[in-house]
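Shared between the two complexes below is chain A, which has chain B as its partner in the first and chain C in the second.
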Partner chain A sequence: MFTAVSAQSSFFLALLFLGLGSLGSACLWKKDAAANWWGNLCAITASVFGLLSAIRVLLGGAAFSLAADSPLGALSFSFTVDKLSAFFIFVISLIALPASIYGLGYVKHYYGRYSPGVLGFFYNLFLAGLFLVVSADNALFFLTVWEIMSLASYFLVIFEHREPDNISAGTRYFIMTHAGTACIILAFLVLYRFTGSFEFDVIRENFAAVPAYAKNIVFLLTLAGFGTKAGIIPLHIWLPSAHPAAPTHVSALMSGVMIKTGIYMFIRILIDFSPGAPLWWGIAVLLIGAASSLFGVLYALTEHDIKKLLAYHSIENIGIILLGLGSALVFWAAGAESLAMLGLIAALFHTLNHAVFKALLFLGAGSVISQTRTRNMEEYGGLIRTMPYTAALFLTGSLAISALPPFNGFASEWLTFQSLFSGFGSFGRSVAGVFALSAGALAFTGGLAAACFVKAFGATFLARPRSVEAARSRESAPSMVLGMGVLALLTLVIGIFSGVVSRVLSVVVADRPGFSTVPVPVSVPAASLSLGSGFAAMSLPLVFVSLAAVSALVAFLTYLATAGRRVKIGRTWDCGTDLTPRMEITATGFSRSLISIFRGILKPSKQTTIEYRDADSRFFPQTRSVKLEIKDVYSAYFYRPVERLTMALAAQIKKIQCGNVNAYIVYLFAALIALLVWAVI
Partner chain B sequence: MDFFSAQFLFFVQTLLFASVIFMHLSKKSASVIFLYQVQSLIVACLLLGSALAESAIFPLFVAVVVCAVKVVIAPHFFRRLTRELQLKFSASTYLSGPLTLIILAALTAFTYSHFFAPLSTLNASNARALLLAAAMMLAALFLIVNRKGALSQMIGILSLENAIVAFAFLSGLEQSPALELGVLFDILMWIIIATVFASMVYRQFGSLDVTAMNSLKEE
Partner chain C sequence: MQLLLVPALSPLFIGIVRRVKARLQNRVGARVTQPYRDILKLFRKDEVVSADASWIFSSAPYLIFAVSILLGASIPLLSAHLTATVLGDLLTVVYVIALSTFFLALAGMDTGNAFGGFGSSREMTVAALTEGGLIFSLLALAFTAHSSNLFVIAGAISSLSLLAFTPIILAFVAFVIALLAETGRFPFDNPATHLELTMIHEAMILEYSGKKLALMEWAAANKFMLFLALGANLFFPWGLAASASPPALILALGALVFKLLVFCVLVALLESSLAKFRFFRLPDLLFMSFILSLIALSLIV
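And now, the complex of A and B:
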């Protein structure tokens, strides 16, 4: 049936279903179950059509466009779905599909407390915004749909509006996203000033006419505007609070997909519009990527709020994507197009992979939260017994994000490493130093991410329950397990077939202006992944088969060795004291030693409180508690000083409002005279 | 003799300008109201003369309405206000008399500087009168700024409006009579509301001195 529908029709059918989902959910706002089913089923259908449309364009189909003029002059409703747009539509649909399946079960716990109709309205609107952002072909239309996406996500962040923290997180998100949008508007206005159009095609054709200083301004505004959405350091402060505040399947989309729209626009503007960008653009992106990846994972280590931990890992992974993109920019500036292609493939590959495993981890965390009613990992423990499927699927996501083979995270990080190593050997001392620094940051990040997920998985699923809710927890609803299962399977499939995926991504990159004649740097001999230059090669199918074979062999040998023995279950020797959950290592305790290593950056503070049994004796403590806090250095050293300066300026400016009518007329009078003088001069 | 010769118009504009200067110097409310009445009468006469010269009925009607609103009704409202509120003197200023005159001289000199030269090109034959009308606008605006009493400020606003009408007349930027009638209606409504509002303010604060209303400011 679906083969009869063209890529263009599929795309518009997806938008149609999202529109129906949005309006239908709003109409059904009084009927919780019906609104939940309608909203999520429409999103599921739209995702299927989105996947169909994207796959058709990616696998050789032609790009399609549609433009309709509006009565508002420069604004035109222009869409173009080329291979880059198709790739991002694919990623959006790929995550939206399991997230919506998961939503069918997850949204039930809102019945009677919050309106699933309202959630369905904004959820579908948000997805429509995502689809349109990556297909808009006119700057004004882009800004319109960007705003729809931002506002819809804002309302999703504050959906659980009775929680004061969510309102605070939403406000922070609202302010930061609009500060970013202001930069984006300025960037497009600068481009309009020199190209005379808001149409992307015209901007692309006339970009050479933009003076160098204006290009640099556009780069900085792009970095600030889209970097805010992507969550790069130090513009990330909204992300760790906003992502956890939203309903879990929305968190998965925000963290897995929405922040990637910033990456999409980086590629559009820095690669598509401006071929041959200056070298320092790439260096800047590399350094920001290295900082974001390293600091993101360090802050994740300090978290015991499971959703915040995952949100910080999003910052880390955006950093890894920027390492690929930055290396591509540097290579392109140096005329090494093939290596630039490799860097861009690595960036796109990690974009896809992060979307998949981060969505899986968020959905897993949401399942745990829906059972335990808390995001605090210190109150979990032992959930592997009550939620075995969720535990297995969360473990899969943890392995993938820790870049362990044969899962997908390993493949894209491997490609990023190859790109960085190539840069190390291709440039002079200073640029090679930046590549070395970036590679070091990536290696460090990988190790810390693995440690972080040992903590997250261990504290959540292993040992004994540390709260009554954890002890009473049950496995998630089938639709929730199914949603996670699809994503877990994808982490493995994409990893094993990383060579094939890389080839498809090379087609996406070759579609960019300036890359069409560049030799493809990756090849796929016998389903393995090899760099065209012979610089490096790996075979994840072989790794998978080897791991499976070794596991089977170990299992078989264990069976042989223990087949004749009886299993005896006895008490563990406990020094005469009953084992309790208080004896387990906590998430905070696990990360404490790592935090102390990085205390220069993280600025931890420790408060120890001891209560003694006897007021006169200090030998027999009754309770001892340790409170470990991490100082938010970005708030303390950047945002707070900016806030203080703004408030001081505001206090001075407030004096203008003196309450005297005469003074106000003096302002008018002075403004009038100044305008007259200015007009003549 | 051409009734609207450049010399005659400059003379008329000088009278209008002088009326604003005298308003600045005047200390009594009654004098300020009288000066406004004279000023409005001159403006109405200009419009009346123009209508008669063109033998047009509608502009004639507008001129008569201008006369009625500005020369009769507005002064009547203001006099009644001063009678009711015992506002014999409402001429408290921020700046002293000599300083006020120095600033007025500076403003007039400024309007005759090259910054205002583009305005004189609107009607080259009335260039001097046009610049004086611009000086009148600034002087009226300065009247609003310098006076503390609400009544003087209201008359300052109406003088500014007269200055704009004179400027438009001299530059040939007159609008259609229907539009002028609309503006007049607005002015009439504004006068009524402003006087009622001034009465209410007086009852609340016991003064029409705007500096006494500082407590309205949000803390």
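And now, the complex of A and C:
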């Protein structure tokens, strides 16, 4: 049945089901269970059709497009699904499918408290927005669907509206995302000024006519506008508060997919529209990528809220994607198309990988939260015994995000490394220096991410439970485990078949104008992945098979050699005291040494408060509390001053708002005269 | 064959380092074969496992040991040309080492022992900061050889003129710092202590006993030998066999053992003449390793 449906019609079927899901759940808002089933089943069906459509286009199908004029002049409902769009649709559907399966089980705990109907309405709308954002072909239509996506996600962030924190997180998100959208609108207006059209095709054709300074303005506006959505540092401040606030399967989509729409538009505008971009664009993107990846992981280390920790890792991974993209831009500017292709493949590959393992980790965190009712990692512990499946799946995700072979994260970080290495010798000293710094940032990021996930996994699942809730927890619902299981399998499969995936991605990149005749920089001989330049080659299937075989052999031989020995179950060594869970290392304690080492960046503070029993003789403390904090330098040095400036300006402007009708008439009159004068001159 | 070579020889080098250190401290010291006896003894003993431990704790030793001997097969030990494998990719090797460190740290946290947790925290701190220096010191070689495969590197460095060799000395110093950090030696960690204030590696494996402790100790010995062999064969790749004939291989084995002996004595000298650093001074050393590698790299590229 499915083979009979063309790429185009499956795409529309996906949209249709999302529409049905959205409206249907809204209609069923009084019936919790029915709305949950309807909303998530529609989303599941839609993602299956999305996958079908994307795969057909990716595997050799032709791009399809549709344009319908609207009565609103320049706004036309036009979209094109070429290979780049298809790739992003693939990623969206790939994450939406397990997330919706997971949602079937997860949403149950909202019954009676919050309305699953409302959730289903915005959830499906959000997915539809995502689908359309990566396929829109007209700037105005794009802005419309961009806004649908942003608003739907805003309502999802404040879905649990009885938590005051969520409302403030939502407000922060709302402001930041619209500040970003303002930049995007400006960028499109500048493009319209010089190309005379909002149609992407026309902009692309006439881009050469845009003067250099305007190109630079467009670049900066793009960087700020889409960078806000992607969560680059220092525009990231909404991300660590908004992502944790949303329901977990939505967090997975926001972190895994939504922030990637920023990456998608980076590629569209910086690579697709503008061949021959100046060198400094790429350098800027590289530096931002390096900063985002390193700072992202450092902030993640300071967190003990599990979802915030994951949100900061999204910033880190966006940074890694930007390292690939930035190197591609530099090579593109220097005319090294083949290397540019390598950088783009690395960026797209990491986009896919990050979506998969970050969704997995968010879903894992969600199932822990649904059992323990807290996001504070210090109250977890020992969950590997009560939630064995969740633990194993979360471990898989942790290995993948720490870029450990043979999982998928390693494959894309390897490609990113190679892409950065290629920049060492090709250019002048200063550019090579930027590449070396970026590669260094990536190396440290990898190590720090591993440290962070040892902390996250260890504090959550290992040792003994640190709270009653953790001790009483049970394994999550089967649909939740299934959703995570699919993703965990994907991390391994994508890792092992990284060669095939990078071939497909090279086809996606070759589909871009200017890349069609470029020699492919990667080859896939005998289940390994090797660079065209012959500099490096690796094989994850070999790593996987040999590791598994040798481990099994070691275990078997040890078993043979020690068959007669007994194994006694005893207590953990306690130095003669009574060992309690309070003596285990905490998430905060685990990362404290790294925080102290990077205190120059993180600015940690420690505040000790002691209350004495007797104020005169300070020997017997009654209470003693220690408060550890990380200074929010972005708010302190950037957002607060901007806020103060805005408020001061507003106060000045308020002066003309005197409430006197006569005064307003004078304003009107003055404006009229000014316009007249301007028109005459 | 390389799969067996490393575990067969590695306890010997641990024994040699201990012996030389003992001599430097005016002690007689145990025989150089003592580590073999220790491992055998541990294999014969019964095992005590904590009631709080999970499958991570019980499966980690096998994985860590497997990684250590698998890496033995992925680096050039005797010859640069014959056993070349795609496993010998620089980044793959570094990240497979990171995989075993990851599980070692998890195993340390698994029993809920306070020491284990601190050991893991320290280990991951050091490991995270070492990675940059390790990758970049090897990368300097990779750019000299125009390949990141360790076998190719060994082959290319051996045919290098002395003049071109200068930046490699810098990379070597950087590598030695990374080596000491990764293998838990002075000034990073004291392999002979059980003092809770300072121990890193010992703290993580504190709860292990019997066969699993044997595997852990053995894996640590393997890792030590691996890093020594990397240092010996990548930076000073002389004496590698050019053909697979038995006499050439035996000669290469002799050369390898000789080079590793020299390295062992150097490590022992270093450990005897250096105090363990305060934990928060270690990052300075590790960043220095990274910066030295960067300088070496900039001289080469």
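To be clear about the criterion, the second predicted complex is superposed on the first by the 631 of 681 C-alpha atoms of A that agree within 3 Å, B and C clash if a C-alpha of one lies under 4 Å from a C-alpha of the other, contacts with A are read in each partner's own complex, and residues count from 1 in each chain.
In this text, a contact is a pair of C-beta atoms (placed from the backbone, for glycine too) under 8 Å apart; a residue touches a chain by one contact, two chains touch by 3 or more.
Given the structure is predicted, the values throughout are model-derived calculations rather than measurements.
Participant: Looking at A:Phe669 after the superposition, I want to know if it touches chain B, chain C, both of them or none. Which is it: first, second, both, neither?
Facilitator: Only chain B is touched by A:Phe669; chain C is not.
Participant: After the superposition on A, what does A:Val677 contact: first (chain B), second (chain C), both or neither?
Facilitator: After superposing on A, A:Val677 lies in contact with chain B but is clear of chain C.
Participant: Check the contacts made with chain A and report whether chain B or chain C touches more of its residues.
Facilitator: Result: the larger residue contact count on chain A belongs to C.
Participant: Does the superposition put A:Ser605 against chain B (first), chain C (second), both, or neither?
Facilitator: Once the two structures are laid over each other on A, A:Ser605 reaches no partner at all.
Participant: Please indicate which partner A:Ala536 is in contact with in the superposed arrangement: first for chain B, second for chain C, both, or neither.
Facilitator: second
Participant: Where does A:Pro581 make contact in the superposed view: on chain B (first), on chain C (second), on both, or on neither?
Facilitator: After superposition on chain A, A:Pro581 lies in contact with chain C alone.
Participant: After lining up the shared chain so the two structures overlap, which partner does A:Gly659 touch, if you call chain B first and chain C second: first, second, both or neither?
Facilitator: Touch partner of A:Gly659: chain B, not chain C.
Participant: Would you check which partner chain A:Thr646 touches, where first means chain B only, second means chain C only, and both and neither mean what they say?
Facilitator: In the superposed model, A:Thr646 contacts neither chain B nor chain C.
Participant: Chain A touches which residues of chain B in the complex?
Facilitator: For this pair, the touching residues of chain B are 94, 110, 114-118, 138, 141-142, 144-148, 153, 210-211, 213-214, 216-217.
Participant: For a test of understanding, state which residues of chain A touch chain C in their complex under the given definition.
Facilitator: 381-382, 384-385, 391, 395, 399, 402-405, 410, 414, 417, 421, 424-425, 429, 432-433, 436, 439-440, 443-444, 446-448, 450-451, 453-455, 457-459, 461-464, 528, 530, 534-539, 542-543, 546-547, 550-551, 553-555, 558, 561-562, 565-574, 579, 581, 583-585, 589-594, 596-597
Participant: Once bound in the complex, which stretches of chain C touch chain A?
Facilitator: By the definition above, chain C touches chain A via 3, 43-56, 59, 62-63, 65-67, 69-70, 85-87, 89-92, 95-96, 98-99, 101-102, 105-106, 109-114, 116-118, 120-122, 124-125, 127-132, 135-136, 139, 142-143, 146-149, 206-207, 210-211, 215, 279-280, 283, 290, 294, 297-298, 301.
Participant: Mind listing the chain A positions that touch chain B in their complex?
Facilitator: Residues 657-662, 665-666, 668-669, 672-673, 676-677, 679-680 of chain A touch chain B in their complex.
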